[in-house]
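Labels A, B, C, D, E and F are assigned to the chains in the order they are written; within every chain, residues are numbered from 1.
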Amino acid sequence: MSRVDGRAKNDQLREIKITRNFTKYAEGSVLIEAGDTKVICNATVEDSVPYFLRGKGKGWLTAEYSMLPRATQDRNIREAAKGKLSGRTQEIKRLIGRALRSVIDLDKLGERTIWIDCDVIQADGGTRTASITGAFVALIDALSYMIEKDMIKKLPVKDFVAAVSVGIVKDELLLDLCYGEDSNAHVDMNLVMTGKGEIIEIQGTGEENPFSKSNMFKLVDLAEKGIKELIECQKKALGEKVELFKEV
Amino acid sequence: MSRVDGRAKNDQLREIKITRNFTKYAEGSVLIEAGDTKVICNATVEDSVPYFLRGKGKGWLTAEYSMLPRATQDRNIREAAKGKLSGRTQEIKRLIGRALRSVIDLDKLGERTIWIDCDVIQADGGTRTASITGAFVALIDALSYMIEKDMIKKLPVKDFVAAVSVGIVKDELLLDLCYGEDSNAHVDMNLVMTGKGEIIEIQGTGEENPFSKSNMFKLVDLAEKGIKELIECQKKALGEKVELFKEV
Amino acid sequence: MSRVDGRAKNDQLREIKITRNFTKYAEGSVLIEAGDTKVICNATVEDSVPYFLRGKGKGWLTAEYSMLPRATQDRNIREAAKGKLSGRTQEIKRLIGRALRSVIDLDKLGERTIWIDCDVIQADGGTRTASITGAFVALIDALSYMIEKDMIKKLPVKDFVAAVSVGIVKDELLLDLCYGEDSNAHVDMNLVMTGKGEIIEIQGTGEENPFSKSNMFKLVDLAEKGIKELIECQKKALGEKVELFKEV
Amino acid sequence: MSRVDGRAKNDQLREIKITRNFTKYAEGSVLIEAGDTKVICNATVEDSVPYFLRGKGKGWLTAEYSMLPRATQDRNIREAAKGKLSGRTQEIKRLIGRALRSVIDLDKLGERTIWIDCDVIQADGGTRTASITGAFVALIDALSYMIEKDMIKKLPVKDFVAAVSVGIVKDELLLDLCYGEDSNAHVDMNLVMTGKGEIIEIQGTGEENPFSKSNMFKLVDLAEKGIKELIECQKKALGEKVELFKEV
Amino acid sequence: MSRVDGRAKNDQLREIKITRNFTKYAEGSVLIEAGDTKVICNATVEDSVPYFLRGKGKGWLTAEYSMLPRATQDRNIREAAKGKLSGRTQEIKRLIGRALRSVIDLDKLGERTIWIDCDVIQADGGTRTASITGAFVALIDALSYMIEKDMIKKLPVKDFVAAVSVGIVKDELLLDLCYGEDSNAHVDMNLVMTGKGEIIEIQGTGEENPFSKSNMFKLVDLAEKGIKELIECQKKALGEKVELFKEV
Amino acid sequence: MSRVDGRAKNDQLREIKITRNFTKYAEGSVLIEAGDTKVICNATVEDSVPYFLRGKGKGWLTAEYSMLPRATQDRNIREAAKGKLSGRTQEIKRLIGRALRSVIDLDKLGERTIWIDCDVIQADGGTRTASITGAFVALIDALSYMIEKDMIKKLPVKDFVAAVSVGIVKDELLLDLCYGEDSNAHVDMNLVMTGKGEIIEIQGTGEENPFSKSNMFKLVDLAEKGIKELIECQKKALGEKVELFKEV
């Protein structure tokens, strides 16, 4: 069986393309493309921390997520026009923030905030996981900028982190669902894992069809395979900056 | 090792108390107590559906969640006063809605909406999972009211559903964390499962400490044990109404 | 003539039940029941004052009021979901605040704020007056906590305060209207009075039927009778804590 | 003792000036001046009713109230800029609406809404009561316009209505408090009464100093005297339109 | 051809009336009438500056603009009730602010803010330009108050400023359009100019009918003529205060 | 003198690059680059019209504008997070809408709305004018899609439209200001013109330095030169679709 977007295999990622320095102002700026899903991930270094951290000598990382109104098949109303963030947006921005904070040593940042802005310009499924995978690369560029500017001594990062979706569509267990698959999935699961293969976050839902433990375990294995490959893509995109991880 | 709230065993639930008909107006009204966590779960039957479902002959179920300002150790600002729902509240209300919709046959409701209101009056960890477990009982009472009023013929419910938290605290795998455990947990996971032992939702995060696949699998087993017991509590609370499930 | 809820007399209060320590975190926590009206009144002591009082060495007391969506016959939309407080809610929270501030000596509190949260879990008329009557008891518990913690020396309270509704229904002057009476009342009046029988607040409206001065005066007398009885209920609920008033 | 604004007597109103046709578009447009308090009261006839009245063949009347930012000694932040109405504004707009609805027969309006807009351009105490007194005149002009346009046959008004404040300042009972008096008042009371001397609304508060029943009764008498005079001012301002009341 | 409001000539302003000290609290308070357009322009001196200017020793000027709901033929919903400013209001408040800041030397104000509040009580076209012309006079009164109170030494104003609208209606180039003309205009342009005849702001739009450069230039000349006359009106209204400009 | 971004001449545009079909879902999708300014312009065809046009058989066009938080040197707070559009955003979205509506025949669209979404991903001055120039091309693609789908017969467009900024920096009159010039400009003007050289919109401000009529006229000429060149860029980008204009 071949996939709806032409992929040959169920355990196959879409083509991943990571473009660094995509825009010119952000300390880290990445365009990540996973098939037709395209997300701009910008990392900004700001010289202050939220109120609850002031005077504690440690830093913070927070994420925001948005989609262009026409990133999707039908136009969505702009959240700025509606005057509030949807529940979906809030869930995703919190997820991205947790995922990246899990591998960064905030105590080493000084009283600084890193803002991660993930803006989806084209959506074909998996925008939240692509955001995490791309934002990690932007984060490394922003931290490397901080090293250059003598704000920090070395990379305050414990491990790589990437994310992928898996799911069950018509009894097939699939890796990295495109929208055509996602909208027909009985089970939809997102995994965030580290370079060491540990789990940072698992979110799986079978709203229409509850799923068995054994299928859940198989899906986790499938995600692990995909995340390993995504981390290879991150390393390739980072090029010589991977050296910075050596002293971590 | 004994638990911080005095429980003897790691795989032990807190004492569960389910009081039906807690308030007098709602079609289903339940007070669920899990140790010191107390949640009022009201189910309302409304004779209309949201815009996107009008004219399709099917029903809807939606949930809301809130905490009294002083349900917690420190007072929280009232969301109505702030003028918006927090990201946490949005996540939880969406989770409760998905959990209950997963076992109900919306096509059988007619063009009606069931509103689930979960209001936490005292919080000691696990408020979202207690909300799901209690709301299921309120939902059954509301559906049973609909049968009495000839709105529906029989219970449009596929299975029982309940939820519980599990986590890792100081290398111990614990079932049903109280707040004192939750706030020290390295891993925090919520599971929603059916009476048949299938998974509806899994949400696990190891923001501070990534966790291994093998620990994740153990936590799922632990949750499964707890959910089985919770479903027994639901059945006991429902008493003779359990008979309604026979023709399902 | 007997009342719609079975009371024998026009000048009869509903059964009043005041449960202290209803929840475990608040410094004062009271459930007040007046017939089928049930309100949780929590008092919180906070170590700061609003901006306009900073550095002046005195304290503040402020109140909030809310109803659970299904506290009433029909479900109300949650104000947190609408994103703003209704005019009715604002009126009531201001009324409760004024009523309690009128008997407390704010200069004696130090730079602290007492938050009064009144959350109606079941409404059968008279929720605002029950809130005041119950909140006064919670306030005394919170102040007594402050004495225990050496924040203040003695009770900074000038007098008891309680509130009740009165009204005219089909030419009968009634005390403590339940919802079935209130919704048919030609005149609806709320009185807040002290233990000494002085008036703190009077709010009366005859939107549908203007009323004479002489009827107004009779209603005030009726309310005075009810408030005296309510203050007895408060004293009984407070038990030995009534001793604290001796040195006031 | 003379009053702070130079009035000779405690039971004396400030000079009242009612200018009709103050702006050119509104069906009724009045500038009312009570001493230095100046309020523009516009009445608009709109050919629709709120959602909850559609198809019932009756009309509605609703009021709004606002102050120019610099109507007061210090500039207030504009509510449109803050994005929400204060509790005080909501209370006043509801009071004005109730006061005017109490004397109008909504069933006779047809499915139309009368909007009352009270905009304070200069405030020196008593803005809410001046709004009611002035708005009643604007309302009569708007209804008279409806008679001319054959929308209604005769004036659907049961009686005159006006409002005034009374209070206790340094043990003196005063009628029609100016700001200098109001800000020092121990008791502050607003009365709305009809031409027949019946009470539509009474709102009195002694936040700082509770007051006796006997003082309250004296204040009501004082207000009654003032309202009688205000209704004479309304009649004088209406001129020959007073004839319209004959057939009421 | 005569104009729709009876003016004899295309290059004729409506009658301009400027009343100073219109309300009693504001440091500068002007009612400007341009034909049937009437705007209250209040200037407030406040002893603080916005966050971005603190500690820089300079001042700020900011403007707000609003219309009474019934300033127009049909009633507009109050922006305070809608909870947000319309795009039109925001454009106009920004325009008024820029216009007045262009002639004031903010460095000479000390750390103070001047608030300009323009409230339209009757609108017949040209409310934004009348606001600027009237607010300038209120501004001079507020600055003159600051001189009296020794806050500043002399008038920190570089030049007069006034504004007018011009447009093309049925091929006629018109000065100072009333609403009846404005609503039929093919081209609508607003000019803000100084006493020296220099341009501070030009905003012209031909949404329905693009216009030629040569017509645009003619409109600018027409506006220049009108603004010269408006500045004469300002001088006449200011009377002896014009002397303050001598030392500028 | 050479320009700060290296351009040789004062009347020289930055390099313009127009990429059509930039994203895959929108009926028209353009990336316009003017030097370092980059804007995604998407045009969406929607089968409905706003409330005020229903049943009138004509169409509508509306525009929205936003900047990614890190499109600029410093990060801007996301408007969706703030919950409201800034005044600047509102001005620009209204300008883009007016500019495009001025050349389109809305009567020919049927009851459809064209949404124009301009999202700035990198800002270096002139984002509003680049939005108009790019959005026009996206609009033509969307209209051409409507022709293909038989929604309309031929291009309902009267003329080309493009926009550019001009300004005075240190006494030099410059075309197409980059941010480094714009932030130092004494005069800043935006022109929107048609292919026939007619003006649709002129907005010029000399907040810091008023400017003479003669300089204004020179700036208009300069803008006209730039807009002619921009329209050539549009034509080149549209390729054979320019043929569609033949039958207009």
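One rule holds in what follows: a residue touches a chain if its C-beta (ideal position, glycine included) is under 8 Å from a C-beta of that chain, and two chains touch if they have at least 3 such contacts.
Every value quoted in this text rests on a predicted model; they were computed, and no experiment measured them.
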Chains contacting each of chain A and chain F, listed by label: none
Smallest count of steps, each to a touching chain, taking chain A to chain D: 3
Type of chain E:chain F copy interface by residue overlap (half), same or different: same
Pair from C-D, D-E or E-F with over half of its contact pairs in common with A-F: D-E
Centre-of-Cα separation between chain F and chain D, whole angstrom: 51
Interchain centroid distance [CA atoms averaged], chain B/chain C, Å: 33
Separation of mean Cα positions, chain B and chain A [Å, integer]: 29
For chain C, residues that touch 2 or more chains besides their own: 83-85
Order in which chains appear around the ring, chain B first, chain C after it: B, C, D, E, F, A
Touch list for chain C against partner chain D, complex: 84-85, 87, 90-91, 93-94, 98, 101-102, 159, 189, 193-194, 196-208, 210-213, 216-217, 220-221, 224
Residues of chain E defined as touching chain D within the complex: 23-26, 29, 36, 38, 40, 42, 44, 46, 64, 66, 68-73, 75, 78-81, 83-85, 89, 115, 117, 119, 121-122
